[in-house]
Amino acid sequence: MNNFGYTITRDRQIDFDKLPRDIYRELCQKEPSVKACISCGTCGATCSAAQFTDFSLRKYILLLRRGDHKEVAQNIDKCMFCGKCQLACPMGVNTRNVIHSIQQIITSNLITLNENAGI
Amino acid sequence: MKIEGKKRLWQDYQKEIATDNYFYARSCIRQNFFPASEKTFLRVMREELNKDVYEDPRHTTCSGIVYHSDLVTMDTTMTVIARQFSLMTESGRKNYVPSCITSFGLYTEVLEMWEHFPELETKAREMLWKATGREFEKPENVAHASDIIYKFRNEIASRGKFRLVNHRTGQPLRGVEHIGCHYSKMFPHKGVGGAEYPYVLVGMIEAFGGEVVDYPERRHCCGFGFRQYVVKANRGFSISSSRKKFESMAPYKPDFILTNCPGCPYFLDRWQYAISEMEGVTYGENGYGIPVLTYEELAGLVLGYDPWDLGLQTHQVSVEPLLEKMGIPYNPATKYLGAQGQDLGRPEKPSVLKVY
Amino acid sequence: MKHVVVIGGGVAGMEASAKLSEMGVAVSIVEKADKLGGKLNRWDRLFPNSRPASDLLAKLQSGMGKDIRKYVNAEVSSVRQSLKQFDIALSNGEDFKADAILISTGFDVFDAHRKEEYGYGIYDNVITSADLEKTFRKGETLKTASGKKPQRVGIIHCVGSRDEKAGNNYCSKVCCITAVKQAIEIKEQNPEAEVFCFYMDLRMYDRHFETIYKEAQVKHGIQFIRGRLSEAFENADGSVMLKAEDTLLGKPLKINVDMVVLMAGMVPSSGNRVKEQLNLTVAEDGFFNVADAHYESSGTNVPGVFVAGACTGPKTMENTINEARSAALAIKEYLR
Amino acid sequence: MLVFDWFVLPFTLGLVYLVVTLLVKYFRWVKNLPVDEFAKVKKGVLSTKTFSAIREVFLESLLHRKIFKVNPLLGYMHTSLAFGWFLLILIGNWESRIFYHGHVSPPYVPIFFRFFNPHPVGFKLEAMFSFLMDLTLLVVLSGVTLAWLKRMRSRFFGMKKTTVLHMGDRFALASLWFIFPMRFLAESFTSGAYGGGHFLTANSGAFFAGFLPVESLVYPAWWAYSLALGTFFVALPMSRYMHIPTEIVLIFLRKYGVSEQSIFTSYTQVEINSCSRCGICIDPCQLASSANIRGVQSVYHLQSIRNCAVDNDKSLNCLMCGRCDNVCPVGIDIASIRKANRKQQAAQKENVYRYVPEGNAAKADVIFFAGCMTHLQPSVKKAMTGLLKHAGISYWFMDESGSVCCGRPLMLAGKEAQARELMANNKAKIVASGAKLFVTSCPICYKVFKEEYGLNIEVMHHSEYLLQLVESKKILVNRQDVKAVYHDPCELGRGAGIYAQPRQLLKSVVSLQPVSQDKENALCCGGSLANIKISNPERKMITADAVSVLTANNPDVLVTGCPMCKRTFAQASSVRVLDIAEVLSGALVLKQPTALIKVKNEERLAIQPVLIR
């Protein structure tokens, strides 16, 4: 292939129809309270991990809703599990089980995830 | 699709297009990209439609290309445009017809500004006077050259020798249209059919017997974007935009792409080659590209002009598949001969994209 | 006996007429449509409690006694102030004198054609909230143009509201909750369908609204995407591709849906000829000014002319009814 | 001379199967113990521990002393069945041995002695043995009746819930219920037909003979008895009755010092097979009593491990409050098994917290670590720092500007490798500070710092430390006219055994009132971080019940020593909820600055005592 000195970048666009959303569906089964998340960001503001890194449960829930799991898989283990987010969440989301379930699902789907990794 | 809905909308976006006595302003880059297109416009207007089209050899760039590359100020642009108008005034014409979409957009923009801020017009007149001692009148009508072809599309069709119809099956050929962003996206009421569902090219394709297909990224920019192409480091943005359009239109299997802008046909044509070299992907049938035409080239084909006189050999994507569908005869032997019959040489064969 | 002419026989007009009549005032109500009830006639079920619209209409109708003179299929063709009275002529030729006028001309639904990029009237499967309500009212299930059950529905908030391009900078107030109500109703009809609401802000300001919103998310799995629709495109199969930005992720998003429902907002009623004849002032948004935004929301800049309901800005049914009663009281006081 | 009849075969074959199966299993389990644990067994076998184990086997496996303590009726049921059956075998063997003059005979002979010798003429001890056997049988039958009643109506036993049965258990249970009634019938029919028996079987035999053809029923009845026994023996290893023999093994191993590890070992197998599924652990579980969550309690969790059918709900839906550990009559180390199970299920990952900066340590005598939960309770933080300043302590507030979690929540979720990574980060800072004492206001943190960090300095809960400060007069407090109740946080009380210090501390400032369920029996607040699965509404139900128990006598204030408990209660309690540090801070007596204690006046003013009523 020829290199003309510039590259073709892939669309940043979230293509809803092409991305797999079965992980979010499985997450809803494991922890239905995740459906109540309204992306307010309280969790991220109190997060122990977010002091040092850009860990954001709000964002990861959204990414899974859109089917973009790559960033989530890379980061979800950064959670310290301290539980502050759960106490802070105004919508009663069981945030720790959300994270625990994401970790479980992602571990069990690791091979499939690598195959269609990211957008 | 409710076609009556579109028709209703098109009625809201009808513009006045002068019918004769035009002052024609050429495009800077088309003369390099598709040199025969402007010649074809003049030929159609003068020979087929017997119109008066005046060209002044002293006219210059409208400065749009540098304006959009952020290299000149608005004052410079207004003065340059004022000078163009003064040449038109001097010729006694009142109908200004630019060949370039960006020029058309810029003239429209400047005229709108003068409308809303008369002091700017006064300032432009002063600056022109100080610089050149010239005066000008504003044009009564500004129409893009594609508006003119659109206006006379039915006349052209009735004089035409060929139609946008597959001559073997009798099925209309499928075209996708792409208007230049500066045609109506800034001032929807200045474009035929508006910005969302522009009609100018659709009208031509319909009049010439073809069928227009919509595709999701129809509204998306071709990717030229001035700075995006001119600065090499940004060139990836340009080709990525074009690729987005190709990916979106390819499933609809268009027979051709019709454009009305200097940059669009160029980039939609050349990037098909570049993408094929970079990624090994082609978008037309059987490894060829999707032929890209300017509206003048299309009108010329319909009127039976020799494809090589229309400059179609300068396209990167071979137009022969389209010619064959339309039943237009062409001589491969003369494809790369100059006006005096001299051999111009042959372009190198691309490694992936198939060409004739 | 004092005589009040109520212009506009919708929710506000009916309730005000009923109360004025109860207080012993002679009332004439003028309605341009062929029956009273206004936009309420077009609703199937009302938020926040899903009660049938016909139920509320019947309640309003029960107040429209014999004493109230009703003129339907009629418009005010001219109105003139003479001393402390108004001379009013109707399009049907009748004319009479009034001691006070109540304007309850309501609103028009925003013409969604004006948002060209959304394809209303052009794409087969783009409808408005009013169209959807009509479908529900007829007891029909929502179907695509080709008669199939939609598997995915996109609901677009703020169509013609909070939009400088559409000329309406204000919020139409009821669309957010209507969107949630209709989204739930779509899910109730067709539980397998996926429903997406595209919003700029969710304005769940009133009592119960937040509960319904949460129910929509948790119970019905309706997804809310913060981002305004920028353009819609019709695919070859009639489905519609929507482009928006997922603003909470900061990424553009595209999605194909089988149907699009545009939450058309409220615009000032176009048929208000009385405005000029009475020298009534309107605000920038085109709705009538009131005498005192806090204390005298029924009065106008012209003594003897009162306003109630959505002609002074978007509002809910209960606010409209409350305003109608308050206007009736204000008129009664004025006539004393 | 060998007596034999074909009907003894079901029993004999069943018994052989059972004995072989058990020997193979136990041999494997013991052999597969971790090396260190196996060494303990080898060392213990020839020590006095063996005798002590035998004693415990007698007391627990046969007499069920612990169940007696919890519930006498339930205890009698177990004792009557276990000890009664044991006596039947024992007395039967004596009888047979004496009758056959000490000849070694197959095991079926004493069991079916009455069939072979219905009315042994000339056996001098017949009357005594018949009486003893009848009496024992009667006791066993009463046990069977009670078991039957328990199955029908557990409330009869003062139990709210009994366990739900599964297929294998039903089979074993059915055969077990058959055994003794069949023996009773077989002996009665034999007596009715051929005489013999004593007060029970002789009378019932005569009774049956009155209207039944007992002679022709004798043989079928003995067949049925043998079949029931054989079936039970075959079903036993697959059923909960496996606990009967396994508990004996467990008692021995435990006496030798074998214990649960952080992962499953064959000792775990012994423990889960020792669970009799008595269901005693269900009643203290607040998930069941307050939130109506069923099927996740320890008995079901252990069962699911045994059946290799653990799901998220069973392993994660547990507060790990330790209330069930407290009551298990078999003494199974439920909490350790659950932790090991969670660890087994969770992915162990390393290097996931590389983003956490190493951080700088400040030199100080005392470290104060608030912990994540305290950070959500600024009033506790303020009280603690105020008290420390007031006492003039040179301390370093280790997580003042945001904390790195202690690792306990990760541990509780089974993510041990991850927890160790955070722990290493914290530990390095603690060591670098050179402090001699580590104080935390969070029992969750306390437990892990104390037990898992391996620190060479003392670790204290703030209630312990504050008590020290009060006793050494570094903090002077006034008694307040306040009625308070104290809530034992699970991690501090049952978790770490700290009951006395907070009470002693509180008694110095308030009048402490009793609570109906406290110390070992204290309730969980419901907020537990250990439960990952429970929903918020369910948590609230647990909290509401706990609050109503704690505030039953209308105290002025509900005091606890855990920021998590405090927050949880505060949302549900109409009585004011305070941390022990806040109470103390409110009761502070302002001292004059002394030369020794250099505290700035502004800081002193910042901790003006506040009225806590």
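In order of appearance the chains are A, B, C and D, and numbering begins at 1 in each one.
One rule holds in what follows: contacts are C-beta pairs under 8 Å (C-beta built on N, C-alpha and C of every residue); 3 or more make two chains touch, one makes a residue touch a chain.
Note that the structure is a prediction, hence the values are computed from the model and not measured.
Return the chains common to the contact lists of subunit A and subunit C.
Intersection of subunit A and subunit C contact lists gives B.
A-D or B-C: which has the larger count of contacting C-beta pairs?
Most C-beta pairs in contact, of the two: A-D.
Going by C-alpha centroids, which chain is farthest from subunit B? Tell me that one.
D
So which chain ends up closest to the centre of the protein, judged by Cα positions averaged per chain?
Chain closest to the assembly's C-alpha mean: A.
When the C-alpha atoms of subunit A and subunit D are each averaged to a single point, how far apart are the two points in Å?
Centre separation, subunit A to subunit D: 38 Å.
Please compute the C-alpha centroid of subunit B, do the same for subunit C, then give the distance between them in whole Å.
The computed centroid separation for subunit B versus subunit C comes out at 46 Å.
Hey, how far is the Cα centre of subunit C from the one of subunit D, in Å?
Here the centre of subunit D sits 64 Å away from the centre of subunit C.
Between subunit B and subunit D, what is the gap in Å from one C-alpha centre to the other?
83
Please output the residue numbers of subunit C that touch at least 2 other chains, ranges allowed.
Counting only residues that touch two or more other chains, subunit C contributes 254.
Which chains are in touch, pair by pair?
So, checking each combination of chains, I get A-B, A-C, A-D, B-C as the touching pairs.
State the interface residues of subunit C toward subunit B in the complex, per the touch definition above.
On the subunit C side, the touching residues are 113, 116-117, 121-124, 231, 233-236, 241, 254.
In the complex formed with subunit A, which residues of subunit D make contact?
Those in contact with subunit A are residues 312, 316, 346-347, 349, 352-353, 355-357, 372-373, 375-376, 402-405, 409-410, 413, 415, 418, 422, 529, 532-537, 564, 567.
Which positions of subunit A touch subunit D when the two form their complex?
Subunit A residues touching subunit D: 30, 33, 46, 48-49, 51-53, 77-78, 80-84, 87-88, 92, 94, 96-97, 100-101, 103-104, 107.
Quick check: in the complex, which residue numbers of subunit A touch subunit C?
For this pair, the touching residues of subunit A are 11-17, 28, 32-33, 35-36, 38-39, 58-59, 62-63, 65-66, 91.
Show which residues of subunit C lie in contact with subunit A when the two form their complex.
It is residues 214, 217-218, 221, 223-224, 226, 246, 248-249, 251-256 of subunit C that touch subunit A.
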